[in-house]
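Before I ask anything, let me first share the structure, which is written out below as structure tokens.
Letters are used for the chains, namely A, B, C, D and E, taken in the order the chains are written, and counting of residues starts over at 1 for each.
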Amino acid sequence: MAWAAYLVAGWILLAGIYGIVTSRNLVHVVVCLSVAQSATYLLLLSVGFRQGATAPVFSDIRPGRRVVDPVVQAMTLTDVVVGATVTALLLALAVQVAKRRGTVDPDALRTLER
Amino acid sequence: MGEVLLVAAFALTALMATAVVLTRDPVRQAIVLSGYGLSLGVLFVTLQAPDVAMAQLAVGTVMVPLMVMLAVAAIRRHQRKDGP
Amino acid sequence: MIAATLVMLAGALLPCLLATVRGKPVDRLVGLVAAGPVAALVLLLLAAAYGRSAYLDVALIAALLSFAGSLVYARFLGRTL
Amino acid sequence: MLSPVELAIAVPFLAAMVLAGAGRWLPRVVVDAVAMGATLAVTGLLGAVLWEAVRYGTVVVWVGGWRPHGGVSTGIPLVADPFATALALVVAVLTVAALLFSWRYFTEVQAVFHTLMLLFLGAMCAFALTGDLFDAFVFFELMSAVAYVLTGYRADEARSVHGGLNFGVVNSLAAYLSLTGIALLYGRTGELGFAAVGEQIRAAGGPDTGVRVAFALVCTGFLVKAAAVPFHFWLADAHAVAPTPVCVLFSGIMVELGVYAVARTYWTVLGGAEETTARALAVFGGTTMLLGGVMCLLQRHIKRLLAYSTVSHVGLLVTCVALARADALAGGAFYLIGHAGVKGALFVGAGALLNRFETVDEHELRGRGRDMRVTSCLFLLGGLALAGLPPGGMWLGKVLAEHAAPHGWWWLTVLGVLASGLTGGAVLRVWLRVFRGAGRRPAGQAGEREAGETAAPTPRVPWLMLAPGLLLLAGGLLVAVLLSGPEVLRGARTFTTGYAGTVLHGRPSLAHAGRLPELWTASALVKGLAGVTAALAVAALAVWGRRVPPAARARPVWSALHTLHSGHVGDYVAWLLAGIVLFTLLVIV
Amino acid sequence: MNAVRGLRLCLLAAGSLGFAVLFTLAVLDLPPFGGNFHPYGDRAVRASLLRGTPNTVSSVNFDQRSLDTLGEELILVASALGAVVLLRAVRREEEDEPARHHLGPADVFDALRVTGYPLLPVTVLVGVYIVAHGQLSPGGGFQGGVVLGTALHLLYLTGDYPALARIRPVPLFEVGETAAAAVFVVLALAFAGQVIASNVAVGVEVGCAFVLVLAKFFEQALLIRVPA
């Protein structure tokens, strides 16, 4: 069962992708994309976890305590910011699609090919 | 005991993530998304990542919900009356 | 302490979050409003369980912002923006 | 004191911040001058770095001074080897051309357009130069975020925002899958630098299944950027609607950076020359060459047509990586630079049409370009160059790739001629119809009108708009003459050998130059002429050959292809997932 | 149309199944969850303590891997610019004056207002604390910046939009955002190791960027309309 944590990340990623593919609303698509992204937070932090260790913040503990991997935490932090900004950008695009096309249903949007 | 806590936090997160995806109406989905954000915050602290937990809570409780709700409001103003 | 956290997690946070996944938006909002402070409490207990006072800041943020977060929905579900 | 490599990243970002903060109070000419000045400065800096890298070997800079001790470091290296630096230089040169095109003509919101172009420039340079997997992800995301905004720049056009959204969703998801692969590699090796990860994997006795899956995930993220089939759907949607100067950068270099990242990961993480990976890349590259060419010929929207031709050409670049030999990579470099010049020039030509007639529909424009001599020239020469006219960079690149191909790869020659014929033929067909007024007006509904990019239509296309096109075209056609073949080969060898030693242990990187195969042979010229002949035949058939039986019988296939490119974001993501599984299976089995 | 949807679902099913198998294969080759193998992490902790930064995550973000954070901050700037470009009023659209939208306090429950207004200074204080303590305790420029940005919007959440619009001069925030980002570019590349200064720069930048992005969303949701 030691690998279950990683598999949860895989499950969330697939759930997000399922949501995007079957979605009928572009706002829903964008939120599902952010769910798929949250899988990477889980995977990164699980990879950096260390049994019986504590946070690598030495304000109230002595140096020398077992700590978890700070690098994955820094990466995840960056990832969280990236996720929030990409969500903002895609929501802005979705608003404009609604204004120009009058719908946010991917099925009702005309093809771009001609 | 600590492991049980981790398992519980992981299970809660997986459950909420699935719920977010399965909620199709954006307004309802945004509320579930806020709940998912809280469960992620708790999970990150159990994974000993308070910095990330704080970032997730800061973004996930107000910023992203506000953006989603403003987007939904803007879309409602512009959607075709006869549209689907 | 961890046991207490576990009880709060399963006994209080889980029901609140479950309430957010079903029903009309207003019903869901009730669940979310309750979940905010409960999550802060869980984080508080976790800080005590791990013996890390540094973790308290996270609980502070959760408590402070979850109120504002529920206001977002209260505004939008109300009459006007 | 910052090194030139760091300055090349700092300068565009700082200039972008100045324009973003003060843009609303600055007169237009100052905004143009600041952006152009910064880009020229970057060009100069990168030129100096390239000279140093070619002369004395790869320049490695550890940001913040976190140099490695005993082969390990906690910092991020910027690795300016000849190839990475040359790519960054191509970015800078194309940005100069794009800014020239938009000089005083592009309609404006404050100075946002220039700010975005500078951020784009800096992000692509950093992406090319970084020696760290996660840093590559971050700058990939910066590059993508700026690209989404630039795609949707004309927010009043429905197609713009729709294309931008499809682009955004597909590329972001791809980036997250890449990040998943990076996390898996980090879990395995405990390292993030390209060099450090590779060393760990070698120390552990080479890649196993887990490492291969992780590698495949990282690569598929980059292959989406590279628009390999079936990850290519977003590209046409985005290229067809993005402003012309942005298209020059998108088609000329952004897409190709995806292939570069695949190659970089392949050689540093897996060590290159893996049989399964070569097979996977060859399958994807070959399919991309063919489908891109077919889709290209089916278009009547000129920018969309050019976008699909980019897909086809990227297929050849992917195949060059699959060949996993230094001379094939040198060929890829020639091909990439030649393509960047020619495609940039063609987009400039399309932009000139759009700004004059407010449409880029081939049928609408039939015969209307008769008096546009320069633009006509751009399309004629551009089409021939795409088809592989000697001595263009694309001709040379293809000859080198075919020369490097082992025996079982006969299909590369066939696909090469086909891709040349289809993409070059499509452009020549546009030239015949629009600038010569050839053929009959085909039946079918009228094309959609589009807003031009200038405040008012430009009855005479200004020289400042066309000059960058002519310069790019000249560059693309003369690459083979301008660049020194042995030096390019030396760059390719530096790219494929000794990376970890140079980055982590400070070993000198200079490979010996070696000799390229003899180029001006009869068979090489015949190969070039075969492509050109095929293109001319395709163009002639498309314009004059009515009711060619095979084309008529294949109509259901064409319409099925159109249906596949549905503009539905769910379809694109489903294809993305299926493509990832296919690629990973090919890599591990 | 149905055939297309069928094809899409088939692709999805096949892809999901394949991905699940492949991902599981990859994961089984990882060291088990909670393992002790973290060479880079251990080096980062040592380096951080040598430099005297107790919060090693801050040290990684602002010192050892400052280039990552630079990219991240520029993504924020790009998204703020993106909001300006994508959500501007175009062509025949008209923008109302904020003051015309007196969707004021009357529509919010008094109880909310009584709790909300006092929360504003508290939130600002907490935001400043999180930014300033970033190198010591969990938190830092990013987290604090978001809290500061949120604080401003409490004015809207518990009050009215005109009040928010009054204390939010967009050009000023643009200048603040880009100046802070420029400072951070210099810090990250030339003076790595200034963790406190980096935190402050990032805090200002993040706060301003989120306010700017949300400002554009507010305009779309409240002010911009297409005349009939």
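By definition in this document, a contact is a pair of C-beta atoms (placed from the backbone, for glycine too) under 8 Å apart; a residue touches a chain by one contact, two chains touch by 3 or more.
Please read all numbers here as calculations on a predicted model, not as lab measurements.
Engineer: Which chains make contact with subunit A and with subunit D at once?
Structural biologist: Chains that touch both subunit A and subunit D, as defined above, are E.
Engineer: Counting one step per pair of touching chains, how far is subunit E from subunit A at the shortest?
Structural biologist: So the least number of steps between the two chains is 1.
Engineer: Would you indicate which pair of chains has the most C-beta pairs in contact?
Structural biologist: Here the largest contact count links D-E.
Engineer: From the centre of subunit D, which other chain's Cα mean sits the farthest off?
Structural biologist: If we average the C-alpha coordinates per chain, C ends up farthest from subunit D.
Engineer: Taking the mean of the C-alpha atoms as each chain's centre, how many Å separate subunit D from subunit E?
Structural biologist: 31
Engineer: Between subunit C and subunit D, what distance separates the C-alpha centroids? Give it in angstrom.
Structural biologist: Here the centre of subunit D sits 47 Å away from the centre of subunit C.
Engineer: Between subunit C and subunit E, tell me the centre distance in angstrom, where each centre is the average of that chain's C-alpha atoms.
Structural biologist: 21
Engineer: Name the residues of subunit A that each touch 2 or more other chains.
Structural biologist: 4-5, 13, 17-18, 21-23, 30, 39, 46-47, 49, 54-55, 57, 59, 67-68, 71-73, 75, 77-78, 81-82, 85-86, 88-89, 91-96, 99, 107 - these are the residues of subunit A that touch more than one other chain.
Engineer: If I count partner chains per residue in subunit D, which residues reach a count of at least 2?
Structural biologist: Each of 134, 138, 141, 145, 148-149, 152, 155-156, 161, 164, 184, 186-187, 192, 566, 568, 570, 574, 577 in subunit D touches at least two other chains.
Engineer: Among the residues of subunit B, which are close enough to touch at least two other chains?
Structural biologist: Answer for subunit B, listing residues that touch two or more other chains: 2, 30, 48, 50-51, 53-55, 58-59, 62-63, 66-67, 71-74, 78.
Engineer: According to the definition already given, which pairs of chains are in contact?
Structural biologist: All touching pairs, sorted by chain label, are A-B, A-C, A-D, A-E, B-C, B-E, C-E, D-E.
Engineer: For subunit D, which residues are in contact with subunit E within the complex?
Structural biologist: 2, 6, 9-10, 13-14, 16-18, 20-22, 24, 63-66, 72-76, 109-110, 112, 115-116, 119, 122-123, 126, 130, 132, 134-135, 138-139, 141-142, 145-146, 148-149, 152-153, 155-156, 161, 164, 184, 186-188, 190-192, 196, 208-211, 213-214, 217, 563, 566, 568, 570-571, 574-575, 577-578, 580-582, 584-585, 588
Engineer: Can you list the residues on subunit E that touch subunit D in the complex?
Structural biologist: Going by the criterion above, the answer is residues 4, 8-9, 11-12, 14-16, 18-19, 22-23, 25-31, 37-41, 43-44, 47, 60, 63-68, 70-72, 74-75, 77-79, 81-82, 84-88, 90-91, 171, 174-175, 177-179, 181-182, 185-186, 188-190, 192-193.
Engineer: Could you pull out which subunit C residues touch subunit A in their complex?
Structural biologist: 50, 52-55
Engineer: Can you tell me which positions in subunit E touch subunit B when the two form their complex?
Structural biologist: Touch list, subunit E to subunit B: 55, 57-58, 130, 138-140, 142-143, 146-147, 149-150, 153, 210, 213-214, 217-218, 220-222, 225-226.
Engineer: Give every residue of subunit C touching subunit B within the complex, in rising order.
Structural biologist: 2-3, 5-6, 9-10, 13-14, 16-17, 20-21, 25, 28-29, 31-32, 35-36, 39, 42-43, 46-47, 50, 52, 54-55, 57-58, 61-62, 65-66, 68-69, 72-73, 75-77, 81
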